[in-house]
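Several structures are given next for inspection.
In what follows, chain A forms one complex with chain B and a second complex with chain C.
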Partner chain A sequence: MNSKTQKKSIWKTIGKSREASLVLVLIVLCVVVTIMNPTFMSIKNIGEIFRNNSLTMIMALGMLCVLLTGGIDISITSTLAFAGMTIGLLQKYDILHNTFLLFVIAMAIGIGCGVLNGIIISRGKVTPIICTMGFMYIWRGLAYVISNSSWASGADVAGYSDFGQSAGPYVILVVVYVIFFIMMKWTKFGRKIYAVGSNAEAARISGINVNNTLTAVYGIMGLLAGLAGALSVSVYASAQPNMQYGKEMDVIAACVIGGVSMSGGRGSVVGTFIGALIMAIIAKALPLIGIDSIAQNTIKGVIILVVVILNVVTQRMMDKQNLERRAM
Partner chain B sequence: MAGKSGRTIQSVQKNSLKSTLLSWEGALAILFIALNIFNSIISPSYTVTNVLREMPKYLCEIFMLFPMAYILILGDIDISVGSIVCLSATMGCFVCNTGLPVGLSFLTCLAVGTLCGLLNGIILTTFTELPAMIVTLGTQIIFRGIAEITLGSGGSVSLKNTAGYNAIAGKVGIVPIVFFLVIIAAVIFTVILAKTTFGRKLYAIGSNRTAAHYAGINVQKCRLIVYTIMGLMAGLCGMFLTSALFGANTTTGQNFEMDVIAMAVFGGIATTGGKGNLIGGIISAFIIVLLRIALGQINLNSQLILVIIGALLIIAVLIPGISSSFKAKQKMKAVE
Partner chain C sequence: MAEDTILELQNITKIFPGVKALDNVHFDLRRGEIHALMGENGAGKSTFIKVITGVHAAEEGKMILEGKEVHFKGPRDASDAGIAAVYQHPTSYPELSVAENIFIGHEKMKHGLIQWKVMNDEAAELLGRLDADFGPTEEMGALSVAQQQMVEIAKALSTNAKIVILDEPTASLTQNESQKLYRIVRQLRDHGVSVIFISHRFEDMYELASRVTVLRDSQYIGTYDVDKISNADLIKAMVGREISDMYPKPEVKIGDELLRIEGMSRTGFFKDVSLDVHEGEIVGMTGLVGAGRTETMESVCGITKPDEGKVFLQGKELHIHRPADAMKEGIILLPEDRQKQGLILSWGLNRNVTLPIQEELASHGFNDNKKENELSKKYLEEVDTKAVTIFEQASSLSGGNQQKVVVAKALAQSNMKVIIMDEPTKGVDVGAKAEIYGIMGELAKKGYGIIMISSEMPEILGMCDRIYVMCNGRVTGCLDRGEATQEGILTLSMENSAKHEHAETEAHS
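Take a look at the complex of A and B:
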């Protein structure tokens, strides 16, 4: 009897905690794939997963902040392309070859783009999706215009791309995640983001400068997009104006799978990480277990829909149970 | 009675010349005329014949503007339409290539589009808590994914027999058939939105969904109908796109959803719902189409159009905010 209630409470915590249920999904996924193809759990494979998805994982953190405030940013991959293309061209025309400085430049461009978004959204009272849609066109168009629709090839970025093949991306990934974990959990700024997202009016009355918080959040998103742009050029050893086209939806999807609410105020760094990881593993595992990689997108879409619908169904069941309990 | 938009509704609407010119649609109309003058100055080949010849491949996007405007007025969004275009064009091509009559291929395009739209609608109306953005994001990936699976490893299909599709790409005089269809669709959708109960219901739902529900409007039924129409028009767009490109590939229709939403928003339709009309949307759509044609003619980097559309969009959404805050300041001063 005692053990039964104990068991029930474990299931309850898993059911209640979004992160716990996500970890469960992750473990099941890994076990199933490993049974079907043991090569999946090799260090090389896992390293590749993290390296190739470092962009999505890093940008997902910025998207987490943006979604927490109840907004959305669909300009990120355009910012990424603009920043990445700029540093690609700097190398192509032999202006600058210092890896560190190139990263700084890309991040600075990203911050500029992000802050501009933030100012227009917070001060101009423009709907986030429309404002960022405008900039999605502008930065992507500028990336084409500055490069005159040409590429920066692997030879152009030869020295720089060594960084992407070293342990660099992993270090950046870990550092960024640690910083964000601390920031969102224990700093004033992190709590402000949650406050603004839960109830902007209440946050304003309790003395939080909502406009500045929003601007900072979009600035951070831009910074991470710029960083991802620098990483992208390094990891894929080339810069094209159309790089990562349409991938902003992957970033949003990773957040949503990780339990971040689109209406703001709910979500965590751990959840985002697991959400991004689940998507990355699915992409990597499909060819390994014999499913053609062409089907990858369909499966990804189905998973997104299933996750959000399951969420609604469990929420409805919980509400119903609560009502019944109250009726008794 | 002031709605969410702050607009007052009068029993008899007054339309003075001044208010017409100062309205958003009036400004767009002036911009439209200015653009035509500007285009004919910068590009010597900007003539009616040339413009009409280049128009069809841009025109099919406008089919989707009308239902997208309905969806935005409802306060919803649909970002899966580009993928619906891709899927319906792909299926249409495959049916045509099997040797079946071309009419069946057209029907396939429309049916696939309608089904996709219906699926969006069913999911959204069954699970009303879900934001439209995330559901259509999921279906966006799924629809394009199915098209990718159908297209196989090559990633593209081209029409073996173009005769049937040539017929709908034809012209009456110098005017392409698709132009007439866009105009007919524009008239139908504008009249439905402005003059019928259904149109007024859409505005009511967009202004305040709960109030509309209590006023006896079947909110979910309206949403289902509008999403299905969206799918149908996306299928139509896919059909005419095939007639312009004679094939389909995995990137067909990519980013169309954003283009269409940009047209609508630039035309004064608010994404928050309940505000805007189709006349503005149609003028803005033609402004963007003509700008694309003119920039294409003078051999400018074609991607510069992206920067221009983006800038126009941001300016367009900033103006109402700035002017309303300006008015509010003036009011405050008057009170003091």
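Take a look at the complex of A and C:
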């Protein structure tokens, strides 16, 4: 038996944990932006960042689970729009105005959409990207159909949108993150997700029901998309069939920046949180430091690539350290 | 160096992290010779071949090709030098045509465009030389293993290879197909090509080779003329010891029947398989690769669905639909491919061991990490796993130790009754092998029923109370420990296929 070498340097510590290197990126980002525009670090501004990005941050958790199993879900913002539009219309036509019930309905719709994905992917053996692409069109299309292409305006959702301006979104964000942190770290369900993503065949032979796990994972993704739909209507005080169009890529990008592997089995809640935060700060900071809005996507893309490459390098360092230990 | 030597390797040593895979190995190949390379699994044959084909670079030693020392930096260099390898599992592109597969990497081009007609014509000619019963435009994936192998050989010919290496070419072929392969190989030799082939089958060696080189435990044992060495001496060279040393088979009183399988069939894989295992008994399942042994056991354990057949445990009929059902009843399969099916390599040992018993360990859905660590430690120690800590990644262990972790995984399940081990010592070095046999003996003493699927004759003969032999998906015989011999098993694992094919050809004519 060998003893580990005890040499330690800052680079080694950073090399040992991807989260540490991400925090470094985050700090550098914040410092640079604050130097260029000191208003960035105001409480109000930071509050805004969290409120406006609560949707992405929440959905990133579901995406974390999906990516961990080696899958992907690009139907989430369509699910969001369908669920959000439904509760918007319920208010527009004065059928229901109870905020809590509206949230429940949106989440129920989300679960339904997600489980459908899960069943088709696990039982039907359809490639996740194809299956969710189909539903991406279906739910988005249905959002237009049920609303007849019209909006639910601020007046329609008047009472409901108060929740979005209260501390509500923060509370939901914190609660969801705490639940997921516990779930992924300490529960057998979390362990199953990692097992299925790391080696589905071995998990199956070890007696884990892979199909059920997958269905549950996509169900959870749907639930969070539904929740994000309810939040979106509340925070932005309107429901439109095209809401959050194309934002699923931001969610996936948040995960990828956070070190979640696209091939499954690797990723953490903390990493996802930091990844989503980096995405949020980029979006908020670029206008603040006077970068033209038309150039923002380009900059965003560059930053994503830089962080991901940094991730790969960190991973290599970690793998190399493991190999070195093995060789001793 | 003799004049007609085409390839010579001197003092080849290859080191992998923690293992000496080749230790000072010599080899020489004459022009137009068929040379067999034999040895047990893990003796270093495949690594040696990979050194010749440039896949691995040796740490020490010289390689001399046609009188000149060569240093291959990759497989490309070797193939440019006229060395071609045909692997046991054809490494082809199933979606491409036969001709494309043959010319992959050296397509017939003119002005940057692929010359389809030229390629198809040349492929047809090569296939004709090999007496193939398929055309160059057929899709690779639609061919049988034997036909795919033929394509690989055609590919070797298309590069004008001077040396062709065949890695277990007959392992997944029927008797008839093997005969055809023998003809092709002799034809190659008659055209001046030198052939190296690896095989576990003595039959192959006696049919083809003029000389045989034996490797054992990564070391060079010797090179012999096939017609001058007796079979017994050859086996001794390969195994290196009296078989009884290696296999600590305890005397165990055989108890009541545990598992009984009746008339199990799955179309295309196995037919009408019946067998039984008793408490404390080690039952072997042997036969050639592709005989249906693994497939049968996978169906017993609910990994695949059989078309028909019944499974009884202690006299009670079971209905198993998925692996979890089998485990609940106390039957577990330890898969052959530890890395793909047995372990989650990126996980710690502790988590791997407790993966199947997570449900029991968790209280209210939360994992009990303390209990998990205690249990995994206990079982890992029971099988004497050599690891730094229980948190170490499974990928960092050697093959033998990984196998032990898989066994610990089975032991952690308190209700286990029947343990099915698929090629438990595959890719495991000799020392760890003996340890694994020791563990099997211990398990038998404790009353487990053990089924060992294995192609390795010595361990089957050394460890098993009874031996089922399968051939072409059927059980062709069941031998008791006392009556089993290598020849007996070989006959049972082949005669059926020969008979079958005879019957078929007769039926056709």
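Just so it is clear, the second predicted complex is superposed on the first by the 300 of 328 C-alpha atoms of A that agree within 3 Å, B and C clash if a C-alpha of one lies under 4 Å from a C-alpha of the other, contacts with A are read in each partner's own complex, and residues count from 1 in each chain.
Here, contacts are C-beta pairs under 8 Å (C-beta built on N, C-alpha and C of every residue); 3 or more make two chains touch, one makes a residue touch a chain.
Because the structure is predicted, anything quoted here is derived from the model rather than measured.
In the superposition on chain A, contact of A:W186 is made with chain C only, not with chain B. Of the two partner chains, chain C is the only one that A:R204 touches; chain B does not reach it. In the superposed model, A:A195 lies in contact with chain C only, and not with chain B. Of the two partners chain B and chain C, it is B that touches the larger number of chain A residues. Judged by the touch definition given at the top, the superposed model places A:G301 against chain B, while chain C stays out of reach. Judged by the touch definition given at the top, the superposed model places A:G265 against chain C, while chain B stays out of reach. Chain A residues in contact with chain B (one complex) as well as with chain C (other complex) do not exist. Chain A meets chain B in the complex at residues 72, 74, 120, 124-127, 129-131, 133-138, 140-142, 144-145, 148-149, 241, 245-246, 249, 252-253, 256, 262-263, 292, 294-302, 304-305, 308-309, 312-313, 315. By the touch rule above, chain C contacts chain A in their complex via residues 17-18, 301, 303, 322-324, 327-328, 333, 335, 340-347, 351, 355-356, 358-359, 361-362, 365-367, 369, 386-388, 393, 395-396, 409. Contacts from chain A toward chain C in the complex involve residues 1-2, 4, 186-189, 191-192, 194-195, 198-199, 201-209, 265-266, 322-323, 325-327. By the touch rule above, chain B contacts chain A in their complex via residues 77, 123, 127, 129-131, 133-135, 137-146, 148-149, 152-153, 254-255, 258, 261-262, 265, 270-272, 301, 303-311, 313-314, 317-318, 321-322, 325.
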